[in-house]
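Following are the structures in question.
Each of the next two complexes has subunit A plus one other chain: subunit B in the first, subunit C in the second.
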Partner chain A sequence: MRRYLLYVAKRLAQFFLVVFIGISLTFFITHLTPIDPVEQMVSSMTAFGNTSPEAVKMMREALQELYGVQGNLLEQYFTYLSRILVLDFGPSLSAFPTPVSVLIERALPWTIGLLFTCTMLSWLIGNMLGGLAGYFRNSRILKVLGAVAMGFHPIPYYIIAFVLLILFGYLWPILPITGGSGQNIPQGFTFEYITSVLSHSILPALSIILVGIGGWFLGMRALVSNIVTEDYVLYAELGGVKRSRILPFYVIRNALVPQITGLAMSLGAIFNGAIIVEQVFSYPGLGRLLIGAVYSADYSLVLGVTAISIIAVSASVFLIDILYPLFDPRVQLT
Partner chain B sequence: MLKIARDLFRYNREFALGSVLIACVIGIAALSVFSPYNPLDTYVVPPDVPPSWAYPLGTTSRGQDTFWILTFAMRNTLLFGFTVAILSRLISLLVGMVSGYLGGLADRVLMSINDTFIVVPLFPLLVLFYFVMRDYMSWALLALVMASLGWAYDARLIRSIMMSLKEREFTRTSVFSGMTTRQIVLREHLPYVLPIVFSTTLNNINWSIGLEVTLSVLGFTNLDTPTIGTMIFWANQHSAMVSGVWWWFTFPTLSITVTFIGLFMLAVSMNEYIDPRSRLSRMGGTTS
Partner chain C sequence: MINRRLLALLVGLVLASPALAQGTSDVPRNETLIVENPEGTIKNAGWFNIWATNAGGRSTGLQQLTMDTFWYIDPDHGLDGVWDNSLASEPPIYNADFTEMTVKLRPGLYWSDGVEFTADDVIFTINTHMNTKGLVWSAPVQLNVDSVSAPDKYTVVFKLKKPNSRFHALFTVRWNAMWMMPKHVFEGKDPLKYDFNPPVSLGSYVLHGYDPNGQWFTWEKREDWQRTSLARFGEPGPKYVTYLDPGPPDKRVIAQLNHELDIIHDTSPEGVFTLVKESPTSRGWFPGFPYGHPDPTLAQVIFNNQNPKFQDRDVRWALALALDIKQIVMAGYRGAATISAIAVPPTGTHPEFYHKPMQEWLTNFELDTGKKVIKPYDPNMGREIADMLRPSMGDQIPTDPDQIDNAFGLGWWKQDLEAATQLLERAGFTKRGSDWYMPNGERFSIKVVVEGEARPVMTRGGSMVAEQWRRFGIDATTESAQASFLTRRNGGDFETIISWSVETWGGHPDLSFFLDSWHSQFLSPPGEVQTPRNWSRYSNPDLDKIIEEIRGTAFDDPKGIELGKEFIKLAVEEMPVIPLMSYNVFTMMDQTYWTGYPNAEKDPYTDPVPNWGNSRAMMVRLKPTGK
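Showing the complex of A and B:
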């Protein structure tokens, strides 16, 4: 148990490092680029009509405080870090005076719900089919499935979502293509609301799952086709262990371990994909919030969503990491 | 080299398919040299003409010939992917080889940073970058930023290869015969690492093109440079889907999909070629 706690502590340190480096990157991007965001905002605001010099000065000071660009670079850095650590991003500029954190709180459940379901589904389906394809290598159906998975896998999320949008929004409009639920349905645990949410999530989910399955399928097939040639599998077969037992307990159990690591490593990429898919289908999650914030030049909202994304993704990776020893007792808890 | 390519083409279906697809795509991009129009000019042909003999892929609502603008877009997109891949390969080679060969504290520090770059969601960072740069965003700048963000996964791969190479007999022989670390790494180990770098290059091109298309479609790049992404952006901007100008967004989407599948097939076949186990099983030998 003590070794496990040490392992958790090390993972926790890595988690903080990721958050620290990620947040620092956002600082460098916003503060070390030659473009001054304050001047840009001031010039875009004064472009229309006459503004008195005093008003411009006040606006500049207010913006400087908001962007945290007072004092020297080191001071700026520390105020920046401390504000992000308490998740204080100030009020949103486009939905003034709603705080950024409220907007994010509203969007986060949608993203987490969509992302969690899709990631689990594509991971499970991909690994199951991949495991079967690696074990029954001469099956015609599984070979065709492999070819399909290979075809979908390299296509970026945006293109898949876009094609689904064309197919189901334009050529054969049977599924809702925008929003997270029907417009006139009150929120709550009613049958109507839940089916509406589900039907609205079909296309976004399908885009994420179609891209996701391929990677897991191909990885699992390669892993399993290596494991079936191992001596212990041959021995079990010769010993008369049933195939229905060998495949799940002898082969897939071992092949799953690297796939769990793979899940932790690709979570960031899946998150990127979900953000884009949300935008295509106007799904009310973090992605639409982020992209909408860019269009409406809402600095604090862009920064807030970016910071939350970094924290959320690295927290999920940390979670997978600390559960990992449960799946692989061989892991060295050092 | 040529003989290997010929054999691969004959016996490896993925390689054959991939190289044919990529040859088509590069062919289209190369045709941009013969374009009668400047890609930045608009309203040079009648707008919204469906595909016909005069305009094989129709014309856009901005009065451009879809086919010729597609050639420019394909060229820029491919060049972009290639630039990002080359630049990020340099970083991942450096990090992976140094970390794998030196080990110890240097390895631990480098890998902590490396893992951070694997985990951090890059898309919001790129969006933030665009948000700050706005009108100053250019093709080259985006390539540079993406290269400095997209090296981590492959650096880890290179590191693991370096670690096993380090334990091999010939490394010790080179050390004892007085070669410097730099000489050993560059002359003895690099040749083993390069084939794998080649296959990761193809995957990295895919990754960077995918991100570029996504950013452009959302309008987060320099929209004057014709790329596949900006083409779809302008089509969306003119509501091509609603007004029935289907050829404007169908052909770029189709050609970029072909590019992705082609590059991916090539990468898969390269991986198989590098891994002798799967090569054997393909040739009908035993795998055990």
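Showing the complex of A and C:
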């Protein structure tokens, strides 16, 4: 047990180090980009109306003071680190003075709701079918499924998404192609709102699942195909153990270990996946928030979203690291 | 049995499909005008304090339907003339030396919560901006206003710190202007932190509902719409107006094909061609080519005049003569552009004030290349572009010469590589083989900065500019600045950039809207940020004189037009920027549910581009089709 606790402590230290390096890198990268947030705001405000050059100069100075971007880079870095300890990312520069945390809170449920559900569904369906295909290798239906999975798997996500958009948004317009819910339907636990959210999530979900299933299917089929040739499976079959017991308890259980690792990594990385899916379907989650923040040079918001992402990925890896020895006794504690 | 169930499920799905796609709500479709908000999804949807800097959305309907100020200048012809006294009952009254401006307010106007709009609101708005740093209009108010007073309930007097014959421009809507604040709502609140939710409206609509995630905002016609300034022109047609983020251009086109989006703010030329082909109810500003509305904004090749490469006028002219505008128009707008050789956009009333009267001068304009004298202007370039497109576009191209002039513009510079060569040689450049070298012996290279995917037509046009310079022997390349575009443009971090430094009122001939900022007093040294809009960082004592004379001339004085022409002549002679074409916005309007949209051929009563504050004029002209 002591050895295990030492192992956890080491992994915890590694976790904090990774988070610190990741967040620091993000800070310096965002602050070294050639985009000046004050200049973006000033340009946006003066893009159309009548504003004299003297007034613009004055406006620029006022905004620098208001946004607190006057100190040098190191001063801003240490202020940022002290704030982040209490998960305070400061005010958003492009939605000033609203705190970044409020914007993230608003977007996070959409990303988690869509991406978490889809990742879990892809994993479950892909592994289930892959396991069956690996075990019942002569089944025609499962062979066809394997071919379909192999066909979908290499197609880039956005191609599938655009095909779905054209199919169900234009040729047979039965599903909404943009947004998280319908217009003029107030947010709340009402039947109209919930069905609207569900109908808006069908196409983005379908596009994620169609592409996602393939990888899990192929991986699981390969793992199971190997395991079924192991001696202990053969002995079980010869010993008269029922197939309905062999498949879940002798085969799938052993094949699942690497797939669980993959799942944890996928869950941690759902924020990365959010960027494309949310852009394509104008889905109101963290990915859209991040893209908007990058374009408006709102580095408070960029840092907020990326910090959440870094923490999530690192936490997933940390959890896998500390749980793995409990699942798999072959893992050496070093 | 299974087949029957499957069939029933499919039938149910088909029957329910429109509801699935559109959802259900308490806002009837046939009473709602659905409009694209080009701001996209609003991060901070519950924020309606438009006076705080970029804190929330602006063209969500907020500025078009609920805000008001003293005057509007229409970018086209206006409901009742270009100038509209909105909250003011008459134009501004200046004293002789432009140090005082009096505004007479229109009585009988009310906020949506029943409180009357009076001079108290104006005084409060001005004082709030004088006392608060960082509001959108704090700086111009603090720079200009010495004091403000209200001799009576409907009169406001501004005393200015220095003479300013254009002070009223601060309160004159061209896209936006300084909007009035409701004193009774904002009093006692921090104007930088108060969200103004729900907004109290001075316009004809009030907030009906909005998406907390910022994708849509719906406004409902006020029951007392008669007590707003727009009521002078009649009752607004739509009971509801929804502004939404329909997604990227392809989705906007799909939404309009499905009649779920009445007004597309802007899409690609290809999107327009699809709509014209597939949707008989969709139309643009022009009935045929070029469809889009020419914004009072001029797309240009902007030289960084502080860069030694471009400080010789001969070089700038040589680069202009190396261009073939027809190819640029085809590359950028697929032909759907309105060209301009002069530094004023060919839109609104400008062709009547500037382009047509100057045709003769331009046609006779002579350029001495050192070896010969040429007349570089081709007055029929617009018609030549129309002829070039006619074989492929057929009856989409007008045949009436006046219509062609309005749609495609008048003339432009003839591509003349021989003259361009002579000009470069006179400037000390040499050609070795097919490559140009600068007087210092280095290869003549030019980077053309373009915005990238956010503005595809300008990017494609810029790529063609670089391509033509390359063919002429210059090492020209394009550089896509993407999100850093504005920072680079403002900071002078470019050699040439495809953007605009000329923007006008559109409907009114006064050019001070952009020209005042071209005075050398505002020029930043190289490496420092330039204030809008002299992105070309050009200065000239003759230009300063013109600007100073405009400053001393009243806004409506016809002398202003003559001074405008002087500027145009100077800009032609000096070529500090190469004007290309107006920035055409491909606004597409679906007539399935609504008719009465503004259009170029019969009723150009306003700019259809729906994020403009001026687009409120559409509301009183739109009528339901009865569908």
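To be clear about the criterion, the second predicted complex is superposed on the first by the 241 of 334 C-alpha atoms of A that agree within 3 Å, B and C clash if a C-alpha of one lies under 4 Å from a C-alpha of the other, contacts with A are read in each partner's own complex, and residues count from 1 in each chain.
Following the convention adopted for this analysis, contacts are C-beta pairs under 8 Å (C-beta built on N, C-alpha and C of every residue); 3 or more make two chains touch, one makes a residue touch a chain.
No experiment lies behind these values; they were computed from the predicted model shown.
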Partner chain in contact with A:His153 - subunit B first, subunit C second, else both or neither: first
First (subunit B), second (subunit C), both or neither touched by A:Ser181: second
Partner chain in contact with A:Ser244 - subunit B first, subunit C second, else both or neither: neither
First, second, both or neither for A:Asn226, with subunit B first and subunit C second: first
Partner chain(s) touched by A:Ser94 [first = subunit B, second = subunit C, both, neither]: second
Touched partner set for A:Lys57, first subunit B, second subunit C, both or neither: second
Which of subunit B and subunit C A:Tyr170 touches, first, second, both or neither: both
Partner chain in contact with A:Val294 - subunit B first, subunit C second, else both or neither: both
Touched subunit A residues, subunit B compared with subunit C: C
Subunit C-contacting residues of subunit A that also contact subunit B: 33-35, 40, 169-170, 294
Complex interface listing, subunit A residues touching subunit C: 33-36, 39-46, 48-60, 62-63, 65-66, 92, 94-98, 103, 106-107, 110, 165, 169-170, 172-187, 192, 195-196, 199, 281-282, 284, 288-289, 292, 294-295, 297, 301
Residues on subunit A engaged by subunit B in the complex (per definition of touch): 14, 17-18, 21-22, 25-26, 29-30, 33-35, 37, 40, 150-151, 153-159, 162-163, 166, 169-170, 218, 222, 225-226, 229, 234, 264-265, 267-269, 271-272, 275-276, 279, 290-291, 294, 299, 302-303, 305-306, 309-310, 313-314, 317
Of all residues in subunit C, those that touch subunit A in their complex: 13-14, 17-18, 20-27, 32, 34, 40-41, 43-44, 47, 52-56, 133-134, 136, 138-140, 142-143, 166, 169-170, 172, 174-177, 192-193, 208-209, 211-216, 218, 242, 244-248, 250-251, 254-255, 257-258, 454, 483-484, 486-488, 490-491, 493, 503, 513, 516-517, 522, 529, 531-532, 534, 612
In the complex with subunit A, residue positions of subunit B that touch it: 112-113, 115-116, 118-125, 127-134, 136, 153, 206, 210-211, 213-214, 217-218, 220, 232, 241, 249, 253, 256-257, 260-261, 263-265, 268, 277-278, 281, 287-288
